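Two complexes, one shared chain (chain A), two partners (chain B, chain C).
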Partner chain A sequence: MKRKETAKSKMQSQNEKRIKKGVSQWNIAWRRFKKNRAALAGALIVGFVVFLATFDALIAPYAPNETPGFYTGETRNPPSLKYLFGTDYIGKDVFSQVVYGSRSALFVGFASAGIAMSLAILVGLISGYYGGMIDNILMRVSEIFLVIPFLLILLVFLKVINVITPGGGGLSMVVLMIGLFSWAADARLIRGEVLRVKESTFVEASKSLGASKRRIVFRHIFPNVLHIIIVLTTLMIASAILVEAAISFLGFGDAAAITWGQQLQKANEAVKEAWWEGVFPGLFITLLVLGFSLLGNGLRDALDPRLRE
Partner chain B sequence: MTAKEILKIENLRTYFDTWAGLVKAVDGVNLDVREGETLGLVGESGSGKSVTALSILGIVPRPGKIIDGKIIFKGENLLEKSESELQKIRGKEIAYIFQDPSTSLNPVLSIANQLIEVIMRHQEVTKKEALEKAIALLKLVEIPDPELKIWSYPHQLSGGMKQRIAVARALSCQPSLLLADEPTTSLDVTIQAQILTLMRDLTKKLNMSMILITHDMGVVAEMADRITVIYAGRICETADTRTIFYKPKHPYTVALLTAVPSLALRKEKLAVIPGTIPNLIEPPSGCRFHPRCQYAKAACAKEIPSLKEVEPGHFVACIRSHEIDIKSPLGAKANE
Partner chain C sequence: MESWQSLSMLRYVIRRILYLIPLFFGVLIIVFVASRLAGDPVRLMTVQNPRITPEARQNLSEYYGLDKPLYYQFFIFISQLFEGNLGNAYAIRGGTAVTTLISDYAWLTFELQLSALILSLLIAIPIGILSAKKQYSKLDVSVTTTSLLGTCIPVFYMGIIAIIIFSYFLGWFPYGGAHSILPERYPFGSYLLDELWHMVLPTAVLTFATLAPIVLLVRSSMLEVLRQDYVLAARASGLSERTVIYKHALRNTLIPIVTYIGLYFGGMLAGAPVTETVFNWPGVGRLFVEATTKLDFPVIMGITVFITLMTLVANLITDITYGYIDPRIRLE
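So, the complex of A and B:
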């Protein structure tokens, strides 16, 4: 009996708090996200890698370019207490390299997704809201980007840039290229969502109350498509990390950068003798991509208005 | 009847250029609204009521376009104004209340934000002052606990509450003309009465004019000072409310009145107007109502009836209005 009462009073106080603050759709989404175990696991994985990247110099036992095994003859040594993930072909500590690689991975993921999503949002909003001729042109351009074989054209471009300017801008160039070539599909998805929201009465209502076009797009339509943008961004980060790993593995990336893809490429020649050289970076790629994918799916479930109970 | 006209629409034509053909949704509408009065704009679904109202604000959705006519608001033709000039009038001078409150509020913004946005757009106030004004508005539309309720989001409020907020938002800058597009159609009957009473009181209090768009004859009877009946994009009849109800001259008005279910008349079956509203791509020639009109004769299909003043303040667009003897279904009551 008493327990029931305390539960009741707890509910009441919670209720008052809610009324005071107002329950926005973000509150509702957060409540749902918290219940989703897979999504929380994803967030945890991503959080873990972010932690590694933030404190990389403290966590990694060796400096980025240090080759502790080189002078002692400990090249391609198996994992041990001294070298947690073993050493690579010139005696670098694989664990330290994986830790430093986490920063590159996050940089590649966030920066590429940042570029790609900025383009996608811009194109999606303009195309969806203004429609007509502008929409037609932008959508045809996006189709061109969709039909060209993505990885192939990336490799060609990176090769050409490398030939024209040796060194070629390094990892940033890879990031830029990934960003420039992967916006099209998301732009179309955002456009579709804008088309749906644009027809809402509240858009017409804000027009009837004197809102300018820019205000309608950014204040009224954008927040209503933000949920899909967040989801797409998370998934874009995951795919950008994978693409960079592929590019590096194929030898078209920035050889000077410490990335998991580069580690894979160097491990490639000795998979049989030194599995640890490739397995650990590979494991981290998988883990981080999985983390972002779980996070993205969780966010989609939490934010999709159609799944609202 | 000497009150000043605040809005005068002359010969308005709004067409929609669709793939199926040119839809003449509004085809030569004339109406006027006087200061402080409520004009009921009545017609069936698809008769051009909403398009007329949207045309006033210049927000006809694509592919709609205003082809011809004049919309004179406070002595200025709105159709000659630029988009940015119109943006200053929308919400400030003329406000619109939509039919369905559950979709006319932005679901991701709190009530406070939505009200403040409109207030700050049209008035030189700080955010804090705007918030105070917004709370005062909620008080005005009789929302309990306005200080708390203002932070809620649309999905936390009931339909009636949302429509009160929509009314508050429309009134936020004290417009001189309110366009209410079936403001109570999506609400249940008891809430309807509340919202209508509220709107009537507020228009009186703030001395606003209102165009009340509805297909509900009961609602206009309660609310309107004058009524304009519209059919298939053209005006049939305009007169003060009493005249429309008790001495209508247009067969369509009579048909509408006959179709009102009434407890007092206690008919066996509900009366309906035979047929449906015509296809507006190829509307009937002459009088657009003639295919459904029981008084129609050959001339009705040829001649387009113009709006004629048959009595002071009573305009009818029917070439036979002088020769046919039609009676209001409410006629008996008028004599009492």
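So, the complex of A and C:
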């Protein structure tokens, strides 16, 4: 009986503390996120790849352009203690190449998602808040971007740029193109969310106090759609990595960069002789995309107010 | 009553078609501008040839009508399009008509994509329903995990793995292509069986890739519907679980899935270059990769227009089905 009471009073004092300190929505979300094992696994995977990319030169046993197997005749050698993931067609160490590829993959993911989401946020906010004619035009444009066969257009653009300025643009050009063509779906989702928040009473209150449009959009609407933007960005990173891998696999990526997609392209020419050339880079693409997807789903469960108990 | 219904349906279909036309033109304009933004196609075609004379370039320009102003070229492109003429290829197969090229390759693409789409729907819908029915069970967890993994593996990687396992290690299926080179290698001497034999691996891989997101969608849609009041009412009135799920819940579960099928099919067609490259499948996707490598703009434009048109038709079919399943949508 007594124990129960002390437990109760302990809880009460904890509750009081909580009230005093104040628990923000972000704190609640973080608590929910911590309990989600799948989301933590996703964060762990992403963290692991970030670690690989940061210390790539220390982790990889060979330099990016080194071909240790070339002079010893160890080309397309199966995995061994010396070459953990085997060697490729010119005797490069596949493990080192995979490690260096992590940096490209993260760059592609973050930069493409940055471009695409900036556009999506801009279009979503303007379209949702101002409505009317601007909304109509922006939504028709986004529909065009949704039906356009976007991979085909990307391939043509990248090929043409490569012919005009050989080797020009590089990985940044690939990133720019992916970003410019993948904003439409997310812009529509953000717009929908803005429309929902716009009708809230606190926006009404702010309006009646004479707040400027800019203040309403940036102080009231933006923070309230931020949660969906975070989730969409995480998922966009995953899909951008997949798109870049496909482009590189088809041979339209940046030939000078070390990317997992390109390693798969080379491997596809020799599946009969050297399975290890493709299996390992592909495994890392899958792992990283899975990491961002788990993270994104976990964030959605933690942040989406409609799922809150 | 019956005639009123069909009239509202007809009106709805016409409205959808009118809505898709500007969309189609929008895509056409973007594709046209994109292909010309890069500069003069003749210069691009001859950039690797240092010995070409200005006269030869001029002749090429005139031959393809590229010396005319841009809006005029677009006008010609559109008017030819309505006659079913997409121009002639610059390089592929010695300047064959693009429509001939597409009709030669499109069937193989459709064969692969449609069978994968139909198979994945047939498999995904029951699995998704079962998974939702037994939410949080071992079955549900393994289904959702596998599906999530399926959405994260690049299709071409799945293809490479399948080829390594089933062609290289087991030797059950061919490495790629749509037919054996030598007729002696046809199973039982049949051309059709040979094609089916070549189709197994690409179809299986494409089905798995398409299946994964649909399973997740069916599952979440079913869970949503099972929470509705009318399902509770149906259960409360003593109907069997079977009747509740397959008669009351299923129809409403299918609504969001139908809307996604059009989008999926468009996405699958646009992804054709990737799947067809892995399996060396001679469809429009691989033709597109070849045309892009050779900067054969009429073929590039032709295939893009073709795939966009197919996507829009798929969307239209989706819309019509949607209007049929959910009559409320027709009156919007």
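We adopt the following convention: the second predicted complex is superposed on the first by the 291 of 309 C-alpha atoms of A that agree within 3 Å, B and C clash if a C-alpha of one lies under 4 Å from a C-alpha of the other, contacts with A are read in each partner's own complex, and residues count from 1 in each chain.
Rule of thumb we're sticking to: a residue touches a chain if its C-beta (ideal position, glycine included) is under 8 Å from a C-beta of that chain, and two chains touch if they have at least 3 such contacts.
Note that the structure is predicted; figures quoted are calculated from it, not measured.
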So, after the overlay on chain A, do chain B and chain C clash or fit? They fit
First, second, both or neither for A:Ile164, with chain B first and chain C second | second
Looking at A:Phe249 after the superposition, I want to know if it touches chain B, chain C, both of them or none. Which is it: first, second, both, neither? second
After superposition on A, vertex chain A (C-alpha centre) with arms to chain B and chain C, in degrees to the nearest 10, comes to 100
Between chain B and chain C, the one with more contact residues on chain A is chain C
I'd like to know which partner A:Asn268 touches here: chain B for first, chain C for second, both or neither. second
| request: Tell me which partner A:Ser212 touches in the superposition: chain B (first), chain C (second), both or neither. | output: first
Taking the superposition as given, does A:Ile90 touch the first partner, chain B, the second, chain C, both, or neither? neither
For A:Phe202, is the partner it touches chain B (first), chain C (second), both, or none of the two (neither)?
first
Figure out whether A:Phe150 sits in contact with chain B (first) or chain C (second), or with both, or with neither. second
Overlaying both structures gives a minimum C-alpha distance between chain B and chain C, in Å, of 14
Interface residues of chain A shared by chain B and chain C, listed none
Counting only contacts in the complex, chain C reaches chain A at residues 22-23, 26-27, 30-31, 34-35, 38-39, 44, 47, 148-149, 151-157, 160-161, 163-164, 167-168, 175, 263, 266, 269-271, 273-274, 277-278, 288-289, 292-293, 295, 300, 303-304, 307-308, 311-312, 315
Within their complex, chain A touches chain C through residues 140-141, 143-144, 146-153, 155-157, 159-161, 163-164, 238, 242, 245-246, 249-252, 264, 267-268, 271-272, 275, 278-279, 282, 285-286, 289-290, 293-294, 297
Contacts from chain B onto chain A in the complex sit at residues 57, 59, 61-62, 84, 87-92, 95-96, 98-100, 103-110, 117-118, 121-122, 148, 151-153, 155-156, 166, 169-170
The residues of chain A that touch chain B in their complex are 19-25, 131, 200-202, 204-212, 219-220, 223-224, 226, 305
